[in-house]
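Two complexes, one shared chain (chain A), two partners (chain B, chain C).
Entry: the complex of A and B
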């Protein structure tokens, strides 16, 4: 036989196998290290700080858990959130994340390692990303072999689509959920392959962990049944499927009901009914299988026909009847919005208003996945070629997740793992083909020696070949992508392989270059786009050094230190968790968004005039109102840009009082300058944002740098609120709500009276005249 | 897998019963009796829930899912130790199957116990 490059011949099989497994362990260790390290940009560029919005709540809850213990946390009623309603935190939270950090915290403290709970929270996501890489390795190993597994682990370790949710400080449920997702899927595949109830039980236990950790558990709840159903429809029912599915479902469903937030949903809501249906179907099919083994085929058929008809009719009617009787809840709005992307905008503006619920833009696929996005279809096609039971899973997962990722930006996260797996399968097939040293020969060649040699060479190039793969190599049809073309064009008897070193080198060098670019891209995206805490902003000085803009913390600490401990702060819901976490003050609404009416009340107060808003503020005991204003600095995520959502949400509850069109100019533009509509100019939000803004420019033209509009010279006046605090760059502005006038006048006339004494009243009047003339 | 010769004129249910009696080992019959016990227990609980009350709903769910879960775990054990399925379960010896069964039951009843409230 001939080989493309010389191979060492004096190596024993065991040496090769040992070296290969050692290299695998080293590679996995390095991948874990890279996965953790690339997530530390946030800590290095900024500091060890909790990011964004939801993590602040998780952090606050974890502090309660660590300080007071699990039972206190479980029974925690938080009177400061959703003032005056309060929130039953223990029953409305997925406790998995907090429990995990609590366990780590107590574990370290048991060893007298006094690690701060904040650092555990900050570093939890990077730590779990290393575990995700390992779980993906195990999963992909079941799909193809170890070398594909290593590639998949490397991909998921640094791919931006996953990093975006798991940088250090991004202390959110997704941080641990993706690991649980992949590991549950791995256990499921393993259970299915071996037919072992042990792995089914393990899948159920990790499913329980997943349910406790993330609302996205419904993805597993539906993926596994769909896979099982697909296998049954393909005529691949086996006792292994029965064992795997039933042990998973029976234990998993019962365990998922232990989480208070989930409660009885698994037996009462439509999202979970598919799993139950497949469970029932499996029982029937299994019984039919058993009966078939004892019966002649004709008798069996008679029995089957009757049974199927009866069961189908009873099942369908039962389900419909239960739904109509209200026993099974119909689909929820969040679910509808997955199928009809316009649904949320029409009926539930609160869901549509969240930026991560928007449909995904095309460039973000490339941004998040880079070259994996075009390897991904190739990997799926390769799955079709073998189409073992586990490949069916990957195919279904790929289709479902691709759809969901297109619908919602945040579901990119569920697509990323399968993209990594499929791309790794494709890439390693390519590598297998071009690294395989055998050259095709006209005559038949001696197979065993060549197999030995290929294993040796692969071991030395760190892409290892398993036994299974060697067996595969014997079949000409099951090689790499190119050999497939070769096999297709020539007769299948011809041996596989690539001629010559030059073609090999070109393809391999090109592939390695792509990998290099991928690493480069991932590092760049991670460092520049995904590592910002958004609590602390950064800009670049003229000399290139970093300038930190710390307005949020400045304002929140002002609140913490200068206001009464029970002073209620009203803000748009985005900042509720941050105010609770950093300022430790009661808030009206926060990111939990469970009560639409309460949020609409805040929206109404923000979007109506002072006179209308004031009673609302007083009724809710509001002491301070906080707005985010980016007009000075050019910070585009400010409240004026979110304002239309407030209007829309308020309109949903009070369609007579708030109407969205009133906030546009007659030309239909959204403007804040002198052409702004009167509803806009009189709204509390507008007034609070631009109050005294023009003064800042000392008579010059005041320019809003977010909306690029010149502001009128005379800004709005406030009668019912007092400016209490404005942060350095004006990003956060806090207003104090005035108490009722001591003399019983309304505050507007009281204010006018006070100003009239100082003879300021005539001034604006004359100016107004000057404008109208 | 081949069906035994039974008179095709008799009802399929009857011949199923006969065939079952003839070609099932005593071990499997023992497991089957446990399965039937579990099924009856589950049906009684369900009927109670529908006719009388489902008041401690978590307790009903715990009891009912304990029977259902135990049923499917036992059924899994049955198919794993069934000599006819030897080709399907290459990696699972009867001993391994039993230990899986025990572990699964322990985990199941841990949750059942927790849920009884």
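Entry: the complex of A and C
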């Protein structure tokens, strides 16, 4: 057999195998290092700080857990959140993330390594990304082989779609959830392949961990049943499937119910009914199989078929009846909005208002996955070529996840692993073909017929059957590049191959180019787009150096040091967790958006006039109101841009008092300048944002840099609030709510009186002095 | 001699005094009830009857559609919305009389009440105003008597409108969406057709490549951003005829097709390199194909990068192009 390039001949098989396994370990180590290192941009560019919004709550909870222990955490009632309602944190949280950090913290401290809990929290996500790479390697190895596994691990290690949720400091549930997702899937595939109850149980254990860690566990809860159902429909029911599914479902469901936040949901909500239904179906099918193997009578078999169908129908109707009777809750809003995409906007504006719940445009897909996005369909087709049980899983996963990722930006995270796996399968198949040194003999008498059959890749069963045989014939040879060397030394005859060295070089060159480009792309995206903590902002000076904008922390620390410890701060819910975490003050609403009415109350206060808002503020004991204003700096994520959502959410509860169209100009524009509608100009939010803004320009044209509109010369006035603090770049503005007038006047007339008086004569100096004792 | 001519004059005077006297609510109400019954639940308003319906001391509530149904006005949304409105008003006629006569539905066409449109400062149509009762037991607790506007953000469908209006009517509007017989017919005939042809198409359905095609096409559509264009209701092309929308978080319908085609071509090229090229029998043909598909990959990939640079201006990398 001729080879395209010379091969060493004096290597024994064991040497090759040992070297290969050593190289694999080294490669996995390097991949882990790259995965961790690329997530540290945030720490290097900024500092070791917790990012964004939700992580601040997780961090706060973790601190409680580390300081007071698990039981305190479990029973923690937080009176400062959702003032005056409070929040039972232990029962309304997925504790997996905090527990993980707590365990690491206690473990390190047991070895007398006094690591700060903050650093554990900051670095947890990068650490787990290395584990994700390993889990993806194991998973892909089951799909194809080790070389594909290594590629998949490398892809998921640095792909921006996953980095976006797991940079250092992004201390969120997703940080550990993707590892758990992939490892649960790996255990499931392994259990299915081997029919081992051990792996089924392992899958259940990791499923439990996943349930404790992330609300997205419903994805596993539905993916595995759908896979099992598809296998049954394909006529691939086997005892392996039965054992794997039943051990996973029974143990997984029972253990998942131990999480207080989940409770009885697994038997009462529609999200979980699919898993239960497939479990029941499996019992019926297994029973039918068993009975059939013991019976011979034709009639009895017919009876059995009828019985099975009747059982299925009764089960379905029972399910429907239970739903109608209210025993089974319908889909939750967040889940339902995945199917009926107009649902959220109509009925739950709070879900629609979150930016990560927006649909995904194609540039986001390309940004997050780059060349993997077009290798991925090729990988799916390759899965169809082999179509073992585990390939069915990847195929279903691919379709479902690509739909979900299209509907919601945040679900790009669940698409990323399958894209990495499928494209690694495709890429490693390409490498296998073109690195393989063996050249086919150029005889080709008997081959053309075969070539045509496969070239057409048509749907006729005859050609697929012949192809399957072909696959079987070449399977021992189709290993990784290294195993090909092993295969080449043994004289197995192959029906396919590539001639010449130049063809190999061309393909390998452009493949390497793409890989290299991918690395550059990932590095650029990670460093420029995904590593901003959003608590600290960065801008570039004229000379190219970095300028740090630290208004958020400045304002939160002002609150912490200058206000009473029980002073209630009202802000839009986005900032609730940050205020609780950094300023340590009670808040009305926060990012745990469980009470729509409470949020709508805040929305109403923000969007009504001062006179209407004041009683609301007083009734809720609000001492300070915090708004985010980007008009001076051009920070587009400010409250005026979020304002319409506040109006919409308030309108959902008080449709008579707050109406969205009132906040637009008659021409239907959203304006803040002198053409703004009166509802807009009188709203508390507008007044707080632009209070004294025009003065800043010293008589010149005041320009809002976010909305590019010229502000009127005389800005709004405030009667019921006092400006308490405005941060350096005006991003955070804090107002103090005035107490009721001492003389019982309403504050507006009191103000007018005070001002009117001031014009006539200056305030007399007090003659009386405090008596010093 | 003069008497006969006076009678019509007198009666006219009496009649006009009824028109002019807003105090007599009972008569006005009766008139509205008659008008409503005549119009199948909807009162066809003009400037005069509009003033009656929105009497300052009314103890009934009213919801009024301002529209422009005349062909010359070219108001397509008006035509789209009108059936929903009439269906709701029709549903209201089935309520018990004591409730029905406390809320009225009216339609004011632009051509019959230009003065009203001007008075209310309405510049567009359709618009729905709800006038709460200004007096009597059904007066709003807030004491508000002015109209409130219905927000069309949920579309022109009758269902959400009925739910919204039910907040203002004495009892909820018993509106039920009519059964869409056409849809059911298509569904059942589709099912039947499937059942009948299953014997012939089952080999196709059992072929893995059918499913592969379905899977890959679905995935390609989704990663082309199809759901974005659907949820956001993006047009197929821009207003100026451009097919590629500016901005990173934006896209037109045509972009889905172009991007899916590009991804599909690239995938196909890779599949050719993996699945087909190695099975070629002649070395020269194989070599040609390798070069061909490699060139296709590099070229299309460069095009893709160029497109991405249009969407994301700050992207620093580029390939051949």
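Just so we're on the same page, the second predicted complex is superposed on the first by the 703 of 773 C-alpha atoms of A that agree within 3 Å, B and C clash if a C-alpha of one lies under 4 Å from a C-alpha of the other, contacts with A are read in each partner's own complex, and residues count from 1 in each chain.
The criterion applied here is as follows: a residue touches a chain if its C-beta (ideal position, glycine included) is under 8 Å from a C-beta of that chain, and two chains touch if they have at least 3 such contacts.
These numbers were taken from a predicted model, which means no experiment stands behind them.
Participant: On chain A, do chain B and chain C fit together or clash when superposed?
Facilitator: Pair status: fit.
Participant: Could you tell me if A:557 is touching chain B, chain C, both of them or neither one (first, second, both, neither)?
Facilitator: After superposition on chain A, A:557 lies in contact with neither partner.
Participant: Who does A:295 touch here: chain B (first), chain C (second), both, or neither?
Facilitator: After superposition on chain A, A:295 lies in contact with chain B alone.
Participant: Of the two partner chains, chain B (first) and chain C (second), which one does A:324 touch, if any: first, second, both, or neither?
Facilitator: Neither chain B nor chain C is touched by A:324.
Participant: Which partner does A:107 reach: the first (chain B), the second (chain C), both, or neither?
Facilitator: It touches nothing on chain B or chain C.
Participant: Chain B or chain C: which reaches more residues on chain A?
Facilitator: C
Participant: Based on the superposed arrangement, let me know which partner A:71 touches: chain B (first), chain C (second), both, or neither?
Facilitator: A:71 contacts neither chain B nor chain C.
Participant: Draw lines from the C-alpha centre of chain A to the C-alpha centres of chain B and chain C: what angle do they form, to the nearest 10°?
Facilitator: 100
Participant: Kindly classify A:240 by the partners it touches after superposition: chain B alone (first), chain C alone (second), both, or neither?
Facilitator: It touches chain B, and chain C stays clear.
Participant: Considering the aligned complexes, could you tell me the closest Cα pair distance between chain B and chain C in angstrom?
Facilitator: It is 24 Å, taken between the nearest C-alpha atoms.
Participant: Can you list the residues of chain A that touch chain B in one structure and chain C in the other?
Facilitator: Overlap of chain B and chain C footprints on chain A: empty.
Participant: Okay, in this complex, where on chain A does chain C touch?
Facilitator: For chain A paired with chain C, touching residues are 341-342, 345-346, 358-367, 371, 373-378, 380-382, 384-385, 387, 395, 398-399, 402-403, 405-407, 426, 429-430, 433-434, 442, 444, 447-448, 450-451, 454-455, 457-461, 464, 495-500, 502-503, 506-507, 510, 514, 517, 520-521, 524, 528, 651, 655-657, 659-661, 666.
Participant: Give every residue of chain C touching chain A within the complex, in rising order.
Facilitator: The contact residues of chain C facing chain A are 121, 123, 140, 142, 144, 148-149, 151, 153-154, 160, 164, 167, 203-204, 206-212, 215-216, 218-220, 222-228, 230-232, 248-251, 255-256, 259, 262-264, 266-268, 270-271, 273-283, 286-287, 290-291, 294, 297-298, 301, 304, 308, 311-312, 314, 316-317, 319.
Participant: Using the touch definition up top, name the residues of chain B that touch chain A in the complex.
Facilitator: By the definition above, chain B touches chain A via 1, 3-4, 6, 8, 12-13, 15-16, 19-20, 23, 57-58, 61-62, 65, 68-69, 72-73, 75-77, 79-80, 82, 84-85, 88-92, 96-97, 99-101, 103-104, 107-108, 111-112, 114-115.
Participant: Which part of chain A faces chain B closely enough to touch in the complex?
Facilitator: 194-198, 200-201, 204-205, 238-240, 242-243, 246-247, 249-251, 253-255, 257-258, 264, 267, 283, 286, 291-300, 302-303
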